[in-house]
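Dropping the structures in below, format is structure tokens.
Note that chain A is present in both complexes that follow, paired respectively with chain B and with chain C.
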Partner chain A sequence: MYKIANHLAWLSLWRRKTRSLMVIIMIALSLAGLLGLQGLYDGMITHLINTTIRSDSGEISLYAKEYRLNKSLDHILSSVSQIEKKLLTVEGIKSYSVRLQQEGLIATAHKSLGATLKGISLEREQNFGQFNAFTTKGTYNFGEKNKGALIGSSLAKKLHLDIGSRVVFTAQDATGEINSISFRISGILKTGNPALDENSVFVSMGKISQFLNLKESATQIALRVNEADNIKKVQKELQILFPNIDVLRWDELYPLLIQMRDIMEIFNLASYVIVFIVAALGIFGVILVSVLERMREFSIMLAIGTPYNMVRNQIIIEASLLGFIGYMAGAFLGWISLVYMSTAGIDLRSFEAGLEMYGYSAIMYADMHLYYFFQAFFAVFFATLLSVIWPLRILKKIKPIQVIQGKML
Partner chain B sequence: MKLIHITKTFYPGSPKEVKALTDINLTFEKGEFTTLSGESGSGKTTLLNIIGGLDSATSGQIFLDDEEISAYSEEKMAKLRLHDIGFIFQAYNLIHVLTVRENIGFIMKLLKFDDKQIETRVLELASILQIEDLLHKLPGEISGGQQQRVAVARAVASRPKLILADEPTANLDSKNSERLMKMLRMLNEKEHVTVIFASHDKYVLDQSKRIIVLDDGVVIDEGL
Partner chain C sequence: MLFSLALKNILKAKGRSIITLLLSTLTTILFIIYVAFMDGSHHQFIKSSVEIYTGYAHVNLKGYRDESDYENLIEDADKINKILKNDSSIKEYASRFETYVLLSGDKKAVGSLLAGIVPSREKALSKLQDSLVKGEYLSDNDTNAIYLGSDLAKRLKVDVGSEIAMVGSSIDYSIAADLFTVKGIFKTGLFEFDSQSAFVNKSYLDTVMMSDNMASYFTLNFHDNDRIDRMTTALQASLPSEYEAVNWKTLLSALVQAMLVDSLFGYISISIFFVVIFFVIMIFSYVNIYTRAREIGLLRALGLTSKNIFGMLFTEILILATISIVVGTIIGASIAYYYELHPIVISGIAETYKEYGVVSDEVPMHFDLFTIAWNALTIFMLNLAAIIYPISKINRLTAMEAMRYV
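And now, the complex of A and B:
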């Protein structure tokens, strides 16, 4: 019986090519849109997290106890070279960056603002998170005798600074004295991390150590881990190795980012459900119509003695074939769009200001995961199944002769 | 086949209530060649549908070989239609995605005849009905008369015990009507297939061995 139903289903699809093609195109386009949207949403949040990890927290950061509660130079990491030596013994660490920072006041001839002076090693930051790629203007260096500084793009804008502008930074040193130091802007950075872009001035580690009267000290040592799965393991090892130091993962340092991700996931889910319902209704509608418009044909089959189960199987096989071919075409189109969006990205520079306010990039890149395609498969499968239930119920209830005589439907 | 006190009321209890058949009592013997006749709306098609199990009576009983088929479930009735009854509808009602060859062999396929048997029977019927050249065509590609001949071939292909034909000549010219009736007479005589028509076509009435006249759902005349 399945053989005949199968044969009839194939014939029906093949000999009504235009209708079959329309249904397949409709399913494929809905699905490709669904996949593209999912990848783009995930890509937005992944970009946000990656930017934060690259520009600041790494996967793990070390802080002196209490520093995060009281950002005073009394709570900093000392004997940094000893810590670095120990870090080299831990497996799974790809790179690390030592940073020293102090909050203070940045001033130009016309304006002054609260800011953070960050001492970094350009070379290490480059290895750590390709920091040089964040340079939007000027050069990625501290100039002659390390008298230059890199500045966050938003802060530079607020202070009307450009390459070559001179700034004075005033802050309290380790002895409690208020000191000032001047720098010339050598580069402007746009990291995509609002905390850095709006608030930070980057100078050489030697310069800030001298300015703050500190040696062998750091406020943060940020680490990059080889494998994302190793983060917790490396954290545990470091906690054993440095019992008097705070060893924190990026998600512990940026709980807001996790909240944002959770909110985004809920938002994504809601959007996904809406798009899925629209796509499912589309698939449902098309298959429903394709079955209903052939109610007379099915009634003829029933009238001449075809068992209901065979007609039912034929309808299910037809809908499944349409759903499956539509899925394959949609998955292929979706894959192409995801590959394109994950490599070339989508240029949304016309909305740049709004997007950057929330830390999103103006060029959005999509994520691509295998599970998208499994989810999409089940989405199409259920939509297809739902779409045949109603016509099958009608078909079960009707008297074939009434449909044949045009008294029903 | 015995029909006892068959009545059929459409929309019972509603203002639109229509009594289509009233107290029909008839017996059909094996090998009959009978026509249910009457004006349009007299109830002949309704009676034919009830005989074929395509519709159910509001009251009354139908017996086939002493077995009450009016109490059959839909599934059992479908099985009976598949095995024992061939239908010829006024509007042909072929399956449009199947070729002429596939339409003729469709019921045989459902009855699990092997492909060779089906092909032999299809060619035999196609030759009798002169539709050999149409076997590869879809119903939409052939004329009404040709479609009706295909419908006849489909109805008789599996050699059912009973053939029910509703106005089979209504859309045919005289030549095709003659050919169709000749074919059904031959089946009736050679294979003792019982044939019941619902028709008011004079040519069909002339060919019939028995005529049952209905008027407003009541049998008003019955004769040979």
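And now, the complex of A and C:
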């Protein structure tokens, strides 16, 4: 029975080629657009999250209690080597980075700006987030006797610094004294994280510890976890291991990123709902006319004993075929656009300053997930079902003999 | 005759007419509100950035914006002062001296912007005085008084009455140091500004920094800030060649770019909706026209030309589109106008997005007649474009073919 219904549906569909094609093109274009945008918006948020994790928080970060509320050297992690020993016993930690930072004033011969001095280990940062890849100028090292410094690209630009330029950093040390230290710029980093690029000077842990009169101390220990599924498990283990230390996941440190991702998901979902409710109206128009045009044909079928279910199935199949062909064309176009945007990216370098202000990359790359296509399929499927409800109601109400005699419709 | 035929057809094909009317009206309303909301939030962003501190325009030495150091200061501020005073297009203006210094409280030192301002003049140029939350605003006679951003005060762990040590560099690059007492604390809502800015009476700071009769730049408001480009160009003509007048579009170019990109993505998002609307109107028009194929064939046989048929069918969509655009524009514009006066309040949005420069929970719409007009015109054109293909297709049939069309 389905075979006949399928065949009839297929033939009916192509009896009016133009209007069937209009529906298919409508579904295909809107779907391709929605898939492309969904991937691009997700890609923008993923970039923000990845940059934050790579350059700063890791999947988990350890802070001394109260440090995040009160960024003072009174609230820092001490006996760092003991903490490191314990970290080695925790399964699932891929790498970690120990950092010590202090806010202060960076000055050249002509200009000063507020900045943050960050002590890091280059080797550890390389394992942690491939920091070397952020180097845009100079070399990824602290020079002879660790007298060099790496500097954020925006800060370097504001201070007109280049490789070899000398800077003086002034800050308060752990004893409350104001001290100054001088560095030569050995490299310029562009991490994509505005907080780092606009504000940070990276020096060796040894130099900053000496400068701040501290030993075995850190303001943050950031960790990379092997598997994303293990993050909560590792966090729990660390919380037990270090009850007097704040052990926080990246999403707890940066809740705004999660909110942005949630808002984007809601926006994508709302776009699908609105677009496909309207698209359902287009499919409905075609199916309704198709049913009304063939009312005599359906009446004859019903009069000679064809079950109503078969006629109903024929219409549902007809609408489903329209939807399915539209979906396949749209999914294919969407897939091509996503492949292009996720590999070549979209070049928005002419808006670079504006995008970097909010931490976005000037070349935007799209995300591509299988669930996009499932989501799109269900949207088209429901639009198709929605569109046949009214035509089927009309068909259900007809009296075949009267229609054949021309007394009805 | 064509008009009355078109009108009759509209009334006869009620279903198609209602759907086209509803779709076009709703699309017009949606588009106007969407753009008003997008523009409203962008205007809010820019307005707060301009009005809180930056100002509508600056006059500075050429090169200062690229290298805002002591080498590019205005060295004869009185001369610029006289020019600005005699310019009738300028409503308010004041000089500012900006430098970065290390401010130290008892327990913490922070690198911060320290700006010398003329307190009485800043009242009309920035929101500094309006943003006072504790203590007092500065006066023109103040000496060692400092006015701090609320987040900077938190970072320094100081309150009104606390003493703050300042270490910086005077304009001859010798060390400048002084002790200030916190006179007041302000909160503008602009997170970065509140956490990195401190202000002192300029006449006193000039004695500390040895910057008498000098300024980093002059900030100013025109009487007509809406025609800022024209005003800035006119001002530039009256300035000596080594000085430049720049308006907020240049001063906040990164922010303007960011808003532009956001608008771009906004228009791309809504264009998908337009594609669907375009096809739905086209499908309904196509179906409607082809169900009348025999009638159209008869009209052709009676002597109407394909141009007449085009005119009749085009008039139909013209009538429907005009009605829906007028209704949609009135409703959409009214909503935009209402929400410009009574902004939508999203509780907590300013706190959540403070790092992105959101300063208020209020998100106003922007009511602009020109924008509304082009929004409405876009939907109108969309309606007209959607009918072209169905009409041209039916017109390709001869009278006999149309009458035999099944």
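Operating definition for what follows: the second predicted complex is superposed on the first by the 309 of 409 C-alpha atoms of A that agree within 3 Å, B and C clash if a C-alpha of one lies under 4 Å from a C-alpha of the other, contacts with A are read in each partner's own complex, and residues count from 1 in each chain.
Throughout what follows, a residue touches a chain if its C-beta (ideal position, glycine included) is under 8 Å from a C-beta of that chain, and two chains touch if they have at least 3 such contacts.
Just so it is clear, the structure is predicted and the values come from calculations on it, not from any experiment.
Peer 1: With both structures fitted on chain A, tell me whether chain B or chain C touches more of chain A's residues.
Peer 2: C
Peer 1: Classify the contacts of A:Ala109 with the two partner chains as first (chain B alone), second (chain C alone), both, or neither.
Peer 2: So A:Ala109 only meets chain C here.
Peer 1: So, does A:Phe351 touch the first partner chain B, the second partner chain C, both, or neither?
Peer 2: A:Phe351 sits against chain C, while chain B stays out of touch.
Peer 1: After lining up the shared chain so the two structures overlap, which partner does A:Met22 touch, if you call chain B first and chain C second: first, second, both or neither?
Peer 2: Only chain C; A:Met22 stays clear of chain B.
Peer 1: With both complexes superposed on chain A, which partner does A:Ser72 reach: first (chain B), second (chain C), both or neither?
Peer 2: In the superposed model, A:Ser72 contacts chain C only, not chain B.
Peer 1: Look at A:Ala303 in the shared chain and tell me whether it touches chain B only, chain C only, both, or neither; answer first, second, both or neither.
Peer 2: Touch status of A:Ala303: first partner only.
Peer 1: Just checking: does A:Leu8 make contact with chain B only, chain C only, both, or neither of them? Give me first, second, both or neither.
Peer 2: first
Peer 1: Show which residues of chain A both chain B and chain C reach, each in its own complex.
Peer 2: Residues common to the chain A contacts of chain C and of chain B do not exist here, since the sets are disjoint.
Peer 1: Of all residues in chain B, which touch chain A in the complex?
Peer 2: The contact residues of chain B facing chain A are 49, 54-56, 74-75, 78-83, 85, 87, 89, 91, 93-98, 102, 106-107, 109-110, 138, 154-155.
Peer 1: Using the touch definition up top, name the residues of chain A that touch chain C in the complex.
Peer 2: These residues of chain A touch chain C: 18-19, 22-23, 25-26, 29-30, 33-34, 37, 41, 70-72, 74, 103-107, 109-115, 160, 170-172, 176, 178, 256, 259, 271, 274-275, 278-279, 281-282, 285-286, 289, 348, 351-358.
Peer 1: What residues on chain C touch chain A, complex-wise?
Peer 2: 19, 23, 67-71, 99-102, 104, 107-113, 155, 157, 167-169, 173, 196, 253-261, 265, 268-269, 271-273, 275-277, 279-280, 282-284, 286-287, 290-291, 352-353, 355-356, 393
Peer 1: For chain A, which residues are in contact with chain B within the complex?
Peer 2: 4, 8, 11-12, 15-16, 297, 300-308, 310, 399-401, 404
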